[in-house]
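Next, two complexes with subunit A in common: one pairs it with subunit B, the other with subunit C.
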Partner chain A sequence: MPLLGSLAIFIAYAVFWGFIFQYRDEVKGYTYEHMITYFVFVKILEGVGNSMAAFKMSDHIHEGMLSNLLIKPLKIKAWLLTEDLGRVIFDGMIRIIIFLGILFFLFGEISFELSGVALFIVFVVLSYLLSFNISFIMACFSFWLDPSSIASMHFALRRIFHFLAGGVVPIVFFPEFSQEILKYLPFKYLINTPIDVLSGRIKGGEIGVALIILVVWIITLEIATHLFFKFSYKANEAVGI
Partner chain B sequence: MVLLAIKTIKRYAKIYLLLNKYQAMHYFTYRAGLYMGLVVDFGHSLVVIVFYQVLYSNIQEVAGWNYHEMIFLIGLNMLSSFVVLSSVVILNLNMLPEQIKDGKIDLTLTKPLNSLFYITLQRNYIVGYISMLPGFYLMYYGFSNLGYTLSLLNLLSGIVIFCSGYIIAYSILVMFASMSFRFINATTLARLGQRIILEFKMKPHQIFTGGLRILFMFIFPVIFMSSVPAEAIMQGVNVWYVLLSLALAAIFLFLTIKVWNFMIKEYTSAGG
Partner chain C sequence: MSKYARIYKIYLKMNLYRFLIYRNKVMMAFLANVTYTITFVLGVKFVFDELGEVGGYTAEIFIAYMIMMQLWWSIHTVLVRKNMQFLAKAINKGQLDFYLLKPVSLRKSLPVISVRFVDIIIIIFDLCAMVLLVDFSQFDYADMLLSVFFLGVGVAITYFFVSVIVNMTFWIGRNDFFTLLIGELAEIVQVPAVFFPPVLKILFTFFVPALLFAGPAVEALWRL
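Presenting the complex of A and B:
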C-alpha cells in the first residue's frame, strides 16, 4: 500500500513535469527523460532513506521491550539496524522492480555506465547508514516524548529532509547560495548525489569530494548517536514485572 | 417530512458540536500534542511553498499560472487540505482500520447514530484549523499582487465550487476507507485515497489533458478542491464548472452512502 502511494506521487510528478516540458526542451540541464529518470530513482531511494529506527525505538521503550533488549548480548543500535535493514532490502527490491519497470515501459531502454552503477551502490549503502543514524538520533528522543510526538517529529523532519535531499526537485534547481550550503550538509547525499553519480552528472574529483563529505558525516553522526544515546538513556525508567 | 429533516439536522449538529467541544478541551489540556502538530503542519506547508519558490526561480509560468496566481493557489490548497484532513481524515478515517481490527468499531456501530456521520466526523483535528491560517495570508498576498478586482459573484462561485470539492473529497476518502471493513488490517488503505487527492489537487487543472482530464474531472474530481475554485475567484465565474461541481458532489455523496452501507453489511465482527 505505501508503494501504491509512492506510485501515485510519482504519476503526479510525471504529469506535472510532462506538462512543463511540453513548452521547453530542457530546464537546468534536465530534459523530460532526465527528469522522469531522476524521479524513478528518487522513488527507489525513498525506501533506503526512510529508516524506521525512530518508530521501533519508541515502540520498544513504551511497550517495555527496551529492558528486555538491554539484557541481551547485543547493542540496541545494532539490533535496530538489522531490523531496519531487512525491511529496507525487501522494500528496495520491490521498488527497483516496479519503478525500473515503469522506466523501461516509458523509454524502452535503460543504460548506465558500469562504473556509475558500482559507485551508485556504494553511495546507496553509505546514504542508508547516514539515514539510519539520523533516524537513531530522533529515536533517542523517545526517552522523553510519547509515540505520537515521535511520529509527528519524524514526519515533519522527514518531509523537510526529503526536500533538502532533492526528493521533490533536483538540487541544481535551488539558488546558488543554497546549493553551496547543501553541499556541506548531509541531506543531498541521501538522494540527489547517488542519482547524479549514476547518471554521470558528477564525475572524477567531484565524486571523491562527495564521498569524503558523506563519510565524514557518517562518522560524525556515529559519534553523536553514541553520545546522545548514553545521555538519553539516563532518562529511561523501566517498571519491573 | 421537512420538519423531521430539520429536527434531524439540528440533533446531529448539536451532537457534532458537543463531540468537538470535548475534542478541543482535550487538545488544549495536553498542549504538547498541539505544538507538535503545528510543527508537523508547518513542515509540510513550508516544503510546498519553498518548492514553488524554487520552481518559479527557474521558469516563469506553469500552465498559464504566474507566480502570484500560484501563491494564491497554494494558499487555497492549504485551506482545502487542512479542512479535509482535520475534519475527516486524521482522527477519523485514519483510525478506522485499527478500530476494525481491534473490534472497537463494534461499540460505535451499536450507538443510535448514523454510522457514517459518527465514524467519519466525530472528531476534529483542531491543530489543522490553526495550521491553515497561513493559507489565508498566502491567498491575500497572491491576490493583492495580481491587480484583479475581487467580485462578490466570483467569490461566491469559488466558495460553492470549494464546498462541492470538499464533499467530493470526503466521498472519495470515505469510499477508500470503507474498504477496511472488507480488507481487515489494510491500515494504509485509508491513506491511499488521501495520497491521490492531496498530490493531484494542488496542481493547476490545465496540466491534465486528454484521458487525465476525464479522470480528474469525473472519476477523481479533485480539481474542484483547489485549482478550479482558485481560478473562479481570480478570473471569473465559469457556470459550467459550478453546475458540474454541484452535480458531482451530489452523485459522489449518494455513491458514498451506498458503498458505506454495503461495506457495513459485509462487516463481520470477531465477537467477544
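Presenting the complex of A and C:
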C-alpha cells in the first residue's frame, strides 16, 4: 500500500505541475521535464529513505522480545539495520522499476551523466544511514509509548522531515532565509540534495560541502542514538508492555 | 425510534470511553494531523508565492480546498470508513450472523458502531484552520450553506461508493485493498478538478467520483 500511496501522490503532483507548465516554460529554473523527473526521484528516495526501524523496535519491546535480541551476538542496532536494509533494497528496486518506467513512458528516454549516477548512489547510501539513525531515535521512545502512538509520531515527524527534505516542493521554492538554515540541517540531504547531484544542479565544491555536512550529521546521530538507547533502555521491562 | 436512540447512546459512550483511556494515542494522532496541515499550507504558500494565480485558484482557495478535503476525510472516517471496515471484517470472519440475529437493523446501527472521537477533534481542528486561513467575510450565508450541503453530498457519495465495494465482500472474499483504495483516491484528488486533463476529469467524476468528494463544496464558496 505505501507504494500505491506514493503512486497516487505522484499522479496528483504530475497533474498539478502539468497544468502549470501549460502556461509557463520554466518555474524557478525547473522545466516540466525537470519537475517530473524531480518527483519521480522523490518517490524513489521516499522508499529508500523511509526506515521502519521504529516500528520493528516498537513491536519487539511491546511483545517482550527485546531480551531475545539482546542476547544475540549482534548489537540490536546492527540487527535492526540488516532487517530494515533487506526491506529497503526490495522496496527501492520495485520503486526504481515502476517510477523509472513511468519516466521513460512520459519522455521516451532517461539520460544522466555516469559521474552523477555514481555520486547519487553514494548520497543515497549515506542518506539511508541518516534516515535509519533518525528512525532509531524514534524507536527508543517505544520504551514509553504504545505502538500506535509510535506510528502516529513516526507519521508526524516523517511528514515534517519529508517537507523539509524537499519532498513536497523543491527546496528552491522555500524563502531564502529558510534555504540558508536548511543547508546546515540534515533533512535536505535525504531527498533534495541527492536529486540535485543526479541532475547536475549542484557540482564540484558544493557536492563536497554537502558530503561533509551529511557525514558530520551521520556521526553526530550515531553518537546520539548510542547514548539515547543506553538511557532509554533503563525503562525496559522485558515482559512487554 | 427510542430503541435506536438508546443503542446510539450506548455505542457512542463505549467509543468515548475508549477515546478517554488511550489519551496518548489520541494526542499523537492529533499531532500527526496538525503537522500534515502545517506542511501542506506552507507548501502551497511557497508555490503560489512564485506562481500567483493558477487556473482561477489563489493560495487561499487552494488551501481551502485542501482543508475541505481533510474535513471530508475526517467526516467520512467517522461516519463511513471505520464502520464499513467493521462490516467487511464481520463478513470475512463469519460474524455477520451475530449482528443479523439481533433485533435491530445492522444498517441503522452501523454509523455509530465504531466512531473514533479523535476524528471528531480533528474535524474541529480543521474547521478552526479553515476559519483562520480563509477570509469568510467575502461570502454570504447562502454560499456557505450551499458549501456545507455539497460537503454532505460528498460524504453521501462516498458512503454509497464504499457500500458497493464492501458488499462485494460477499462474493470476492477479502477486499481490504479496495477500501484502502479510497485513501489513495483522496491523495490523487488533493488537486482540484480544474487541474485535471479532460480524460482524468471524466474518470474521476463519472466512474470513480473522487472529484465530487470536496471539490463542489469549495467551488460553491468562490462560485468557481
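Brief remarks follow.
The criterion applied here is as follows: the second predicted complex is superposed on the first by the 238 of 241 C-alpha atoms of A that agree within 3 Å, B and C clash if a C-alpha of one lies under 4 Å from a C-alpha of the other, contacts with A are read in each partner's own complex, and residues count from 1 in each chain.
To be clear about the criterion, a contact is a pair of C-beta atoms (placed from the backbone, for glycine too) under 8 Å apart; a residue touches a chain by one contact, two chains touch by 3 or more.
Values in this document were obtained by computation on a predicted structure and should not be read as measured data.
Once subunit A is used to superpose the two complexes, subunit B occupies space that clashes with subunit C. Of the two partner chains, subunit B and subunit C are each touched by A:F173.
By the touch criterion defined above, A:M153 reaches both subunit B and subunit C. In the overlay built on the shared chain, the residue A:G64 is in contact with neither subunit B nor subunit C. Contacts of A:F163 after superposition: both subunit B and subunit C are touched. Taken together, the two complexes place residues 1, 4-5, 8-9, 12, 15-16, 19-20, 27-28, 148-149, 152-153, 155-157, 159-160, 162-163, 168-169, 173-175 of subunit A in contact with subunit B and also with subunit C.
The touching residues of subunit A, counted against subunit B in their complex, run 1-2, 4-5, 8-9, 12, 15-16, 19-20, 24, 27-28, 148-149, 152-153, 155-157, 159-160, 162-163, 168-169, 173-175. The touching residues of subunit A, counted against subunit C in their complex, run 1, 4-5, 7-9, 11-12, 15-16, 18-20, 23, 27-28, 145-146, 148-149, 151-153, 155-157, 159-160, 162-163, 168-169, 173-175. Only residues 22, 24-25, 27-29, 31-32, 34-36, 39-40, 42-43, 46-47, 49-51, 54-55, 180-181, 183-185, 187-191, 194-197, 200 of subunit C touch subunit A when the two sit together in their complex.
Touching subunit A in their complex are the following residues of subunit B: 32-33, 36-37, 39-40, 42-44, 46-47, 50-51, 54-55, 57-59, 62-63, 186-189, 191-192, 195-196, 199-200, 203, 206-209, 212.
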